[in-house]
Amino acid sequence: MPLASQFVNLLAALLLLIAFAMLSQRRILTLIHLFAWQGAALAASTLIVAASTGQTHLYYSAALTVLLKVLLIPWVLHRLIDRLEVRWDVETLINIPTTMLIGIALAIFAFSLATPISQMANTLTRSTLGIAMASVLLSFLMMIVRRKAVPQVIGFLAMENGLFFAATSATYGMPLVVELGVALDVLVGTFIFGIFFFHIREQFDSLDIRHMEKLKED
Amino acid sequence: MNADALTGSLAAAACWLATGVLALVPARRAWFARTLAFPLGALAGLALAGFGLDAIWLPAARMTLPLGLPGLPFHLRLDPLSGFFLMLLGAVAAGISVYAAGYFRGEQPGRLALIGLQYHVFLASMALVVLADDAYLFMVAWETMALASYFLVTTDHRRPAIRSAGFLYLLVAHLGALAILLCFGVLHGGRGDYAFDALRAASLSPGWATAAFLLAFFGFGAKAGMIPLHAWLPEAHPAAPSPVSALLSGVMLKTAIYGMVRVIYDLIGGVRWEWGLVVLVVGAGTTLFGVLYALMQHDLKRLLAYHSVENIGIILLGLGMSMVFIGFGHPVAGALGLVAALYHTLNHAVFKGLLFLGAGSILRSAGRRNLNEMGGLIHRMPRTAFYFLVGALAISALPPLNGFVSEWLTFQTALQSPVLENGVVRSLLPLFAATLALAGALTAMCFVKVYGIAFLGRPRQPAGAEARDAGNFERFGMAWLAAGCFVLGLFPTAFLLMLNRVGVSLTGHGLSEAALESNWLWLIPTAPGQASYSPVIFLAVIAGTVLLCWVLVRRFYHGRVRYADPWDCGYPEQTARMQDTADAFGQPIRHVFGPVYRMHRVLPSAEDPAPRYVLKIEDRHWYALYLPAARLAAYLSAKVSLLQRGRISIYLLYSFLTLIALLVFVR
Amino acid sequence: MEILWVLGLPLGGGVLLALAGGRQRAPELNAAMSFATLCAAGALTARVIADGPMHALHDQFFVDSFNVFLVTLTAFVAFTTSLFSRPYMRIEQHQGRVDAARLRLYHSMFQLFTFTMVLTLLSNNIGILWVALEGATLSTVLLVSLYRTPASLEAAWKYFILCSVGIAQALFGVILLYFAAEKVLGPGGASLLWTRLYEVRGQLEPTVLSLAFVFLLVGFGTKVGLVPLHNWLPDAHAEGPTPISAVLSGLLLNVALYAVVRSKVLVDGALGRNFSGSLMMGFGLLSVVVAAFFLSRQRDIKRMFAYSSVEHMGIMTFAFGMGGPVAAFAGLLHMTAHSLTKSAIFFTVGHASQKTGTQSMDQIRGLIESNPTIGWGLALGSLAILGMPPFGVFASEFMVLTTAMHEHSWATPLLLLALGVAFAAIFGKVQPMVFGETAARRLPHPPALLPVFAHLALVLLLGLYIPPYLVGWYRQAAALIG
Amino acid sequence: MSNAAGIAFQLLQSVLVVLAAPLLTGWVNQCRAWLQNRSAPSLLLPYYTLARLFHKDAVIAKNASALFRVTPYVLFGCMWLAAGIVPVLATGLPFAPAADIVALVGVFALARVFSALAAMDVGTSFGGLGARREMLIGFLAEPAMLMTLFTAAFISGSTQLTTIVDTLAHREFAIYPSLAFAAVAFLMVLLAENARIPIDNPTTHLELTMVHEAMILEYSARHLALIEWAVAIKLFAYVTIGIALFLPWGIAPAGDWSGLPLAAAALAAKLAAAGAGLALIETLLAKLRLFLAPEFLSTAFLLAVLGMLIHFLAIG
């Protein structure tokens, strides 16, 4: 097994680990840091793939990742929670251990799903597709169990990370134009989320989404 | 030649459409709608009747219009059956339109314009229903008919009762239409398009054929107002303006009969006797139920509506018998049943139209529809009284008017039952005849009540006293239909031959030779020795005797008359309030048939300062069928709406689970 | 070349209105830009009719009979909506629910939204298609919360979260698709071009594609509003300004369904029709039935018609799922008829609720009395959407039902049941609103009801007579996707 | 059969029936008087009554309509028609086919409806009461009547009285259980339709019980006379129908002058017996409460239907 792919696998494992950490994490601030780290891991893996395969556009995408997911978005989120004074996110819908168990089950499911596909992959990062899928599902789970707006958004962004990782690992990255477009969407999305936090805050003077359960059938 | 008839009837329908659109023109207080629209409609109706009559004697003609779906243009076909119904539609509509020309004169412009549009679109759509020769055009015309009539019913939409009536009507009509659509789907064997020819060609397994029959029967039955799908009818028909009620009861219900005959005899084919039994049972139920509830009504138009239910039942009895005979392989007797049913269809169209028009005139001049407040109208509106009497005698199946002829033919069909092999069915048929007899007698009672309470006696309310007779247009319209009652009653043979032709074109068999040789004087349905009837002689003898007696009495005695107050039975002051009311008249029936009704009665107590006797009679089907269905739907939607509890995590969970489930499914 | 116009005009309009959107004449400008887009779309259509499918910018864009008619439809409805929103937003401003700044946001976003939809339709690159569709969400989410009321915020938040998450799944699907395509076409941009994929669809790896389709279906299906992914839809429709509800229902759902169908075509190449077909039919049927039962409990008028949109998207999904020339034809026809009718309904609903100052159906009464055009528009529109002949919706439903009858007989009774329930629910609510007495006030600006009756006239035409070129058009598209 | 002779027979029979009808009424009254140990009135009393009534001046209520004055003539006409159709003396009369049994029932129904309407015309409480009760009785009697006739029709395969009588008269003697049922039912209907005890009492004017009398309270003089006469003809017609159906022997085919005397004699004998029987029944039975009338008549209906079913079971 070439060194590069071992590195990638290592990073993939790291990514998954971070995903689990985020799932179990209570403090928003730490959550943001974890998110940043995840972005870093993603960027690193992209870089390695780029280096080992010589796909130039992967360099751009790595740079983009660093710029966006390691620096810009975490910074924005930081500013936001400073302005909104929401530092704690104690309660989740299901208690942490259960969440973890479900998460593990999901990971196994994702792996079993990905194995047949990875078999046919000719990339040096074949085994990582499962991990990518797992991290996507884990972030999904995180969005489900979190009660506050900010962690939900972070979950969403983490999901994007997983997707990017899948792109790079499985297919040496999407065409650049697509990556740019996706990045743009993510960026705009983040800003809109930011705007929302303020609106929600001024309407409900809290970011607890339990206030937003008025629209329903009865 | 017959292509001309088809083009002509199409042109008549188009003329109706055009009239309707022109009626919208707001120029000078809807001048067109006020003066020309309805007379034009009447003329178109006459033309249509002519073409229909023409078409009965000619082979079927086809035509396709470059409209409709790709691969399924509008197919049109004019065969004897459609011809007969076109005749019915045109002739009755002509009378009603003339009446309407006078009736709607006073409407305010906006409303008048809308009525003009809806009324004529309604007529045109009915013509198209009869002409349609593919499933799509049929459905389009069918639903347009429902829509137009719905808007006509809700003309006076400020009254909540009328709104709910309209809603119920359109809902039932739509559900019926869905059933019909499904029936076409079943009929279509999976090959070819949805032109009726393809449906005819498709060969079905007995199971599917029966399914198609049931769908068609209940789909069209919903429109025809057979129980238990009738509930909309007594609500909707009274709600509409009277000429429209006349159209609804007189003509629109018949399109449902047309649909049944077309689908069951023509498209499905291979009629089975079990189907006939189903039709007979439902028909008998409908007949009795309709007349029994009619006897309980005191709202004139509502009462007439219930009688429409009853008459539909009678038609169904005829149809059912014919299906039984055909199913057992006795096409001649079957043809007789079909003829009887179609004849009654025509008769009911004429006299029910007449009665509703009469009710309209009463409503217009006396300003009330509650029988308990009428009385003595015969002195105020003698002509209307006469026409109404004709209608009442006709619907009571009294010779020599038309209602009697068709019921007589139905009896004759029932009397053919000895030819059947199956002993049970053979002895069942006369029982259905018995229900028919019972219904006929009850109808007579009901119309004695109506006529006696409304027209005879003394006015029960002062308002009835200054009622005025109907205007010229109205009178002409009623006279036209009354004349119809006489013609159909006195010269049945001509129509018998027409209907025989229709029967031949549908089933390939007609009446017996003897029947076909019956001349204008003698009506012989089967064989001279078996049964015969001569309304002309009948009338001649009675009229002759009346005249003779009159002359003799005057000749040998004298015609001296003294006028005095009615005998007061020793009670000095007799008031009009002492006369029987409609409710009182129905009381013995309530007594005899108590269990049929859902009665709610409040008897006044002795020390009641203002004693009032309250009696409410409701339709059992509401509580047996409609409300439970509504409750079930409400329950289900309550359960479903649990999906939408407003919590975003749950929503996310839904999509998550969906994803997982699908992924599992894929593996 | 026309393609660039069709794309450029709304984009430019967005920028322009972002600067001048708050001005007095901004609504007219908005309408003008939409009209220009419509003209460009018309030109494009003419071009395509003249000389067949075309590609542009080295295959990044392509036009075939399937998307060109959707482009025209989109441009047309966008235009009529802009006409409607002209008096509507004026009245909103007059009633003080929005200020100039928000009006600016509204106008520019309206144009951008049009742009994203056109882009989605025209893009040949599935990645770009995804980006554009996400862009459509982003451009409307702030419009949903335009009024900044708690309810609108909540609605917008749900809309945003659910759609973004859903669309993220779709992205994973796209990646998988790319992953599969790479094997055949080799790395590089070409592997995401739909046309190229279409050529090689037979050689793509089945297992990967099946996974990919699941993700794509869940992703785009969320935007289509398929049950149980529909939960954002009623909220977003009910709380946003009515023009937005109109375009959401009339256009966005169509475009999302377009994406689903495009991916279905590819997957079918590898897996045969049954796999994707049965999935889509399942979702479609579920949506129809569930939505029908939702309808009867609604109190908010816009919410009710939102559910009816779910129902109709279900019908279309079912139709496309069945496949085959007739069903696909019916699906396309239903797309057209539904977006025309539904947007027309929302126009009337908008003015009705402005007149009465409420969206609660219990308080809207006697529209035919107070404003006949609105009343009749609503009545006829509702009857049309309920599949009453002679309107076009019935034509397509007729084809769907009859096809279903002898291909999947088991499904037809369910569909009919749902249609019946929906009829009872919707009509039972609409009738009291249009009939009866009322004491509604006059509107400060005369309502623009030309669009309503234009739409209804078109739908009526579709019910009675489908123009031959339209038929040919549908037929080609149906052959492509069926 | 020569047409002229047929016509002659037709006229003869009609006139005879119309003239002889009051005689039967008189005979029944006489028998009843005897049975009740009263000194019997003259057999010809009905004729005297009619004559006296014809001579009087008619008194008509002020608010009576034309219908009120036409009705007596219509009733009389209907009954005359009935008298012309029923094969009293001879079968195969030329006008007989003009109305078969169904039409015959129709004729009686027509008469009933007119009398009920006329009763409601003046608008007294009695008129309404009478009409209501009459229709109540009618709606049950009519179907029962039809069913009895149908039983006979099924046996003879025809609904024409002539044919029925022919087949029944010239068949080898056989017991028809179905006919027995039909006969009982017919008798009950006859009692009800002709306002006899136990349903109605032609001689009472007690408001609690009267039905037919309540309807004609407002009539006087010639109108009353015509009505009374019509009633007599009705009774006669019913009795002769019964005879024709259930003991048709000895009836002459139309145009057969030689058979006529015998037929007349047979008829006279049968009528006398029937009248006596009627009187006997009226003496033995008590009047039923009005609301027992429906039960009485539904029993008749039931019997008739049973008879029909038995017929079908009998023939397989």
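The letters A, B, C and D name the chains in turn, as written, and every chain counts its residues from 1.
The criterion applied here is as follows: a contact is a pair of C-beta atoms (placed from the backbone, for glycine too) under 8 Å apart; a residue touches a chain by one contact, two chains touch by 3 or more.
Computed from a predicted model, the values in this text were never measured in an experiment.
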What is the shortest path, in steps, from chain B to chain C when you may only step between chains that touch? 1
Counting C-beta pairs in contact, which chain pair has more, B-D or A-B? B-D
Can you give the whole-Å distance between the Cα centres of chain B and chain D? 36
Whole-Å gap separating chain A and chain B, where each centre is the average of the chain's CA atoms: 70
Between chain A and chain D, what is the separation of their C-alpha centroids in Å? 102
Chain A and chain C have mean C-alpha positions lying a whole-number Å distance apart equal to 31
Could you check chain C for residues that touch two or more other chains and list them? 157-158, 161, 165, 211, 234, 294, 297
Quick one: which residues in chain B touch 2 or more of the other chains? 641, 643-644, 648, 652, 659, 663
Taking each residue of chain A in turn, which ones touch at least two of the other chains? 113, 140, 143, 209, 212-215, 217
So which chains actually touch one another? I want all the pairs, not just one. A-B, A-C, B-C, B-D
Enumerate the contact residues on chain C facing chain B in the complex. 157-158, 161-162, 165-166, 169, 210-211, 214-215, 217-218, 222, 227-229, 231-232, 234, 279, 290, 293-297, 329, 368, 372, 383, 386, 388-390, 394-395, 398-399, 401-402, 405-406, 412-413, 416, 419-421, 423-425, 427-428, 431-432, 435-437, 463-466, 471, 474-475
Could you please specify the touching residues of chain B with respect to chain C in the complex? 66-70, 110, 135-136, 139-144, 147, 154, 157-158, 160, 163, 166-167, 170-171, 174-175, 178-179, 181-182, 184-186, 188-190, 194, 633-634, 636-638, 640-641, 643-644, 648, 651-652, 654-655, 658-659, 662-663, 665-666
In the complex, chain B touches chain D at residues 375-376, 378-379, 389, 393, 396-399, 404, 408, 411-412, 415, 418, 423, 426-427, 430-431, 433-434, 437-438, 440-442, 444-445, 447-449, 451-453, 456-458, 522, 528-534, 537-538, 541-546, 549-550, 553, 556-558, 560-569, 574, 576, 578-580, 584-585, 587-589, 591-592
Residue numbers of chain A touching chain C in their complex, please. 55, 113, 116-117, 120-122, 129, 133, 136, 140, 143, 149, 152, 156, 159-160, 163, 166-167, 170-172, 174-178, 181-182, 184-185, 188-189, 192-193, 195-196, 199-200, 203-204, 209, 211-215, 217
Listed in rising order, chain A residues that touch chain B in their complex are 93, 109, 112-113, 140-141, 143-147, 209-210, 212-218
